[in-house]
Amino acid sequence: MDICSMTALELGKKIQQKEISAVEAVKAALECIEDREPEINSFVTVDAEGALKRAEEVQKSIEEGTIVSPLAGVPVGIKDNMCTKGLLTTCGSKILKNFKPTFTAEAVRNLERAGAVIVGKTNMDEFAMGSTTETSYYGETRNPWNPAHVPGGSSGGSCAAVAAGECTYALGSDTGGSIRQPSSFCGVVGIKPTYGTVSRYGLIAYGSSLDQIGPVGKNVADCAAVLEIIASHDKKDSTSIDRKDYDFTSALVDDVKGMRIGIPRDYFLEGLDCEVKENILNAVKVLEDKGAVVEEFDLSLVQYAIPAYYVIASAEASSNLSRFDGVKYGYRTETYEGLHDMYKKTRSEGFGAEVKRRIMLGSFVLSSGYYDAYYLKALRTKALIKKAFDSAFETYDMIAAPAAPATAPRLGESLSDPLKMYLGDIYTISANLAGLPGISVPVGTDSLGLPIGMQLIGNCFEEKKIIRAAYAYEQTRADAGKGAD
Amino acid sequence: MAKQYETVIGLEVHVELATKTKIFCSCSTSFGGAPNTHTCPVCTGMPGSLPVLNKQVVEYAIAIGLAANCEITRMCKFDRKNYFYPDNPQNYQISQLYLPIARNGYVEIETGDTKKKVRIHEMHMEEDAGKLVHDEWDDTSIVDYNRSGVPLVEIVSEPDMRSADEVLAYLEKLRLIIQYLGASDCKLQEGSMRADVNLSVREMGSGKLGTRTEMKNLNSFKAIARAIEGERQRQIELLEEGRAVVQETRRWDDNKEYSYAMRSKEDAQDYRYFPEPDLVPIVIDEAWIEKIKMMQPELRDEKLARYKKEYDIPEYDARIITESKRMADIFEKAAAICNNPKKVSNWLMVETLRLLKESGMEPEGIRFSPENLAKLVKLTDSGDINSSVAKQVFVKMFEENIDPESYVKEHGLSTVSDEGELLAVLEQVIADNPQAAADYKNGKEKALGALVGQTMKAMRGKADPGQVNRRLKELLG
Amino acid sequence: MANKISDETMEYVGILAKLRLSDEEKENAKSDMEKMLDYIDTLNELDTTGVEPMSHVFPVNNVFREDIVENGDGSEDTLANAPLKKEQGFKVPKTIG
């Protein structure tokens, strides 16, 4: 019985049935971590001691019958931009190298209430800015399918850890594709929920109007189960939405008859790797064979999503990250002369190149004389993009698309040209601008053996439709939920 | 001939609202805690924390906006104002720029016999900053976030004022409006009301505004008046020398009576405002405004007009009494209970003002209740105590809010109405002071005073001096 | 239209963002920013006349808290991560000269 290859629901069931204890589960995960970490580096912090202690408590609660959640006792990895009380939370940055939050993020608390056992904090691009998990101060994460390649990002640590079996599932965050793209690169399933579905309280903000926490799992069912637990209306997050339809597992139905799937022509033009294209169109065909109605259409405005995104995200980031100044927490430079020197030295030493680049850009586009031309223009573009999606969803239940233009690049290949790296977000970014839910589900591998993910984008608040379609597709694959060995 | 200059002044007034909790978190706003005790992740800018708006802040802001004749913005939003400073934990302040809660209002001020309107450009909600304490010894500052996140409204006037007198009248007017609404205690000294002065000068008759400076750190009415005079002089001197006034922020040093430019290279004053993504818009509908209007208490001007109609007291007294909400409340209640507004007004105008002045207190700090003042008036009206005892009791009441009835009873201070006892004492006094009695009989009116004094002393003050006087005359007559 | 960012602009943005870049970083950042701005300028192809800027994607309004004190003494947690503290406060270089 290989605990590390089980899905979260399988493992959770065996724990509920007392076949496996929570302690055995966490020990298996820790062994796997010990085995794989030297190569993959999915974690910034592994909390072996805390996890074992917690597993014992959870086991006791299960035996007493006080926790009956389907995922109680299952080991989970938390992206290192979510606050965990007393446990180092770095955001992949030097500037938070010693930061121990005094409270726990609401999404993580929801998991804890359901008996989750946190094994550690997963690696990420610094402050979630990046698509490769190479900008982390704590070293790059490698793709478990082929360690010469990146796992994607920014939730690369979460996705790699799940693919390698180091934890059974994980939480990631998605600002411009940071769950869906690395899920695709690592052959796991990831969901970016509708904006406002999962509380952002305790998520260290990158782009506040775009950030959402979501699950990363071995299959669609695991992700639906995790989303059901973490989603909540939180009074501490003013943008949290009271939905009342949190029963996402009810959508795990193998039936897509009559579902209308739109294929945006603009997403399948030049720039898309032909192996990726072929695999995705094949997957769409599978859904069509199962009774879905598939149609090509023109989404329009596709090329404007990235520039609009980078204006909005950088602007918000420049403000969100100004609190890291060496005064209240985190890193402070050793020597300085006066206040402003302290600020500048602390921040220049504490932030990496990509973070500084985006803070500079964000400060510039908001500065006097440029606000209207850049920031307001981007917000107007966002409104038009939202409108384009609204009209697409009048016709279609969902949109099928790639999660990335190609499979995982080799380490070091992307960072040299930032603009090219940004272009890699072309299929994921619009969902963040329009607040829409998206799921990435594995549909095959390329000739190098690297995974390919299909993205399904739903209308806002219609996670259930994309979960259902992804689930139905997954039923046709024998290798579903296997991960990288 | 020397040129004549006109001073043009606009004000930015910050008022701390009287909410129990901060604007974006449920920390207490009360004064006086040890450093950083009234703090949480939200008001200290901890990573991952998020703001949630206090509804009472919006309601107070709407109330002030309505009282200042503003248009209430039906959909208003918060924006971030970005600048680095240690008292600002997030290094941005949540404020309002693009859609402030109220706009285009005015208040009417009076200086001497002239009335004028000072227009209000806009009014917005924002969070206060923390406090910095400077340590001269080791060249550091200590940051305390207890005040961080305390709700403020900032009221921005048009440049409609022309003198320090007008500025003070305007501030006084705002203070009265806001205190009456109960939206703030508006104490300049304690910083719950603060004013930044935008000032420029121009040649008399010129239609064009001069370059203005903004002065900060003004924490008393006197400092404001001095700063206006000082800055006016400074600008005129510059112009006379043919130099230009630089648009800048200046810090007033009230000890040196001079302002200093706060300019620094690191202080670019480019705040990069953008809509706060962590807060949703506020939609204010007619029903909400109506509800707040309904709850609006009678404001000072209305009250003053009513006093003139309802109470037979001098207009001057009515003005003084209504200058403080607390004083006006005491007056109305006490007058209603004892049905003697004139006496109540006298107590407030004479003894109360005297004791306030002596103890350096503001009228808002009056401790005695209207019920007790009414009792005191009744005790004097009925002749139960004489006026000197009453003053004595009043002092006690002013200090400790004692109940005058039980106090008089406990200390045996009521006027003796037992004629027998008084007569016995009078006879004794006459017997003991034959010379004085003889002098009176011989026409020396003054001698009677000595006898009255002796009697009052013997009675330990509990006699009615008028009665004593009358009786003595009878006995000696 | 190619954007040109001057050294002065880089200096100015550095003051706003409280970042001090090395000369090499500055050159890179300058050319990166120029390229990004050129790219962002493609938005100008789009006619957005009459389009309301959209800051919030969903029409959610009026989210409030009641004015009730719920937090107690938070000083211990607040200061837990302070790089330098003194007398229950955060210690910083003197702010007024």
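In this document, chain identifiers A, B and C correspond to the written order of the chains, with residue numbering beginning at 1 in each.
Definition applied: a residue touches a chain if its C-beta (ideal position, glycine included) is under 8 Å from a C-beta of that chain, and two chains touch if they have at least 3 such contacts.
This one's a predicted model, so the numbers in the text were calculated from it and none came from an experiment.
Participant: Which chain's centre, taken as the mean of its Cα atoms, is farthest from the centre of subunit C?
Facilitator: Between subunit C and every other chain, the largest centroid distance is to B.
Participant: Using the touch rule from the top, work out which pair, A-B or B-C, shares more C-beta pairs.
Facilitator: When B-C is set beside A-B, the one with more contacts is B-C.
Participant: In terms of CA centres, which chain lies closest to the overall middle?
Facilitator: Answer by centroid distance: C.
Participant: From the C-alpha centre of subunit A to that of subunit C, how far is it in Å?
Facilitator: 23
Participant: Counting in whole Å, what is the centre-to-centre distance of subunit A and subunit B, each centre being its mean C-alpha position?
Facilitator: 55
Participant: Report the inter-centroid distance (CA atoms only) between subunit B and subunit C in whole Å.
Facilitator: Centre-to-centre distance between subunit B and subunit C: 39 Å.
Participant: Where in subunit B do residues touch two or more other chains at once?
Facilitator: Residues 41, 44, 52-53, 82, 84, 86, 143, 266, 270, 272, 277, 279-280.
Participant: Can you list every residue of subunit A that touches 2 or more other chains, as numbers and ranges?
Facilitator: 99, 102-103, 209, 235, 238-239, 318, 322, 325, 327-329, 339-340, 343, 363, 367
Participant: Residues of subunit C that touch two or more other chains: which are they?
Facilitator: Within subunit C, the residues that touch at least two other chains are 12, 16, 18, 55-56, 60, 63, 65, 77-78, 90, 92-95.
Participant: Touching subunit B in the complex: which residues of subunit C?
Facilitator: Result: residues 12, 15-16, 18, 55-56, 60-71, 73-75, 77-79, 86-96 of subunit C touch subunit B.
Participant: Which residues, counting only subunit B, touch subunit A once they are in their complex?
Facilitator: Contact set of subunit B toward subunit A: 41, 44-53, 80, 82, 84, 86, 89-92, 143, 266, 270, 272-274, 277-280.
Participant: State the interface residues of subunit C toward subunit A in the complex, per the touch definition above.
Facilitator: 9-10, 12-14, 16-21, 25, 28-29, 32-33, 35-36, 39-44, 46, 48, 51-58, 60, 63, 65, 77-78, 80-84, 90, 92-95
Participant: Given the complex with subunit C, which residues does subunit A contribute to the contact?
Facilitator: 98-100, 102-103, 195-196, 209, 235, 238-239, 241, 301, 303-304, 306-308, 310-311, 318, 322, 325-332, 336-345, 347-348, 351, 353, 356-357, 359-365, 367, 374, 376-384, 386, 418-419, 433-435, 460
Participant: Once bound in the complex, which stretches of subunit A touch subunit B?
Facilitator: Touching subunit B from subunit A are residues 82-83, 89, 91, 96, 99, 101-103, 105, 200-205, 207-209, 235-239, 315-316, 318-319, 322-325, 327-329, 339-340, 343, 363, 366-368, 371, 375.
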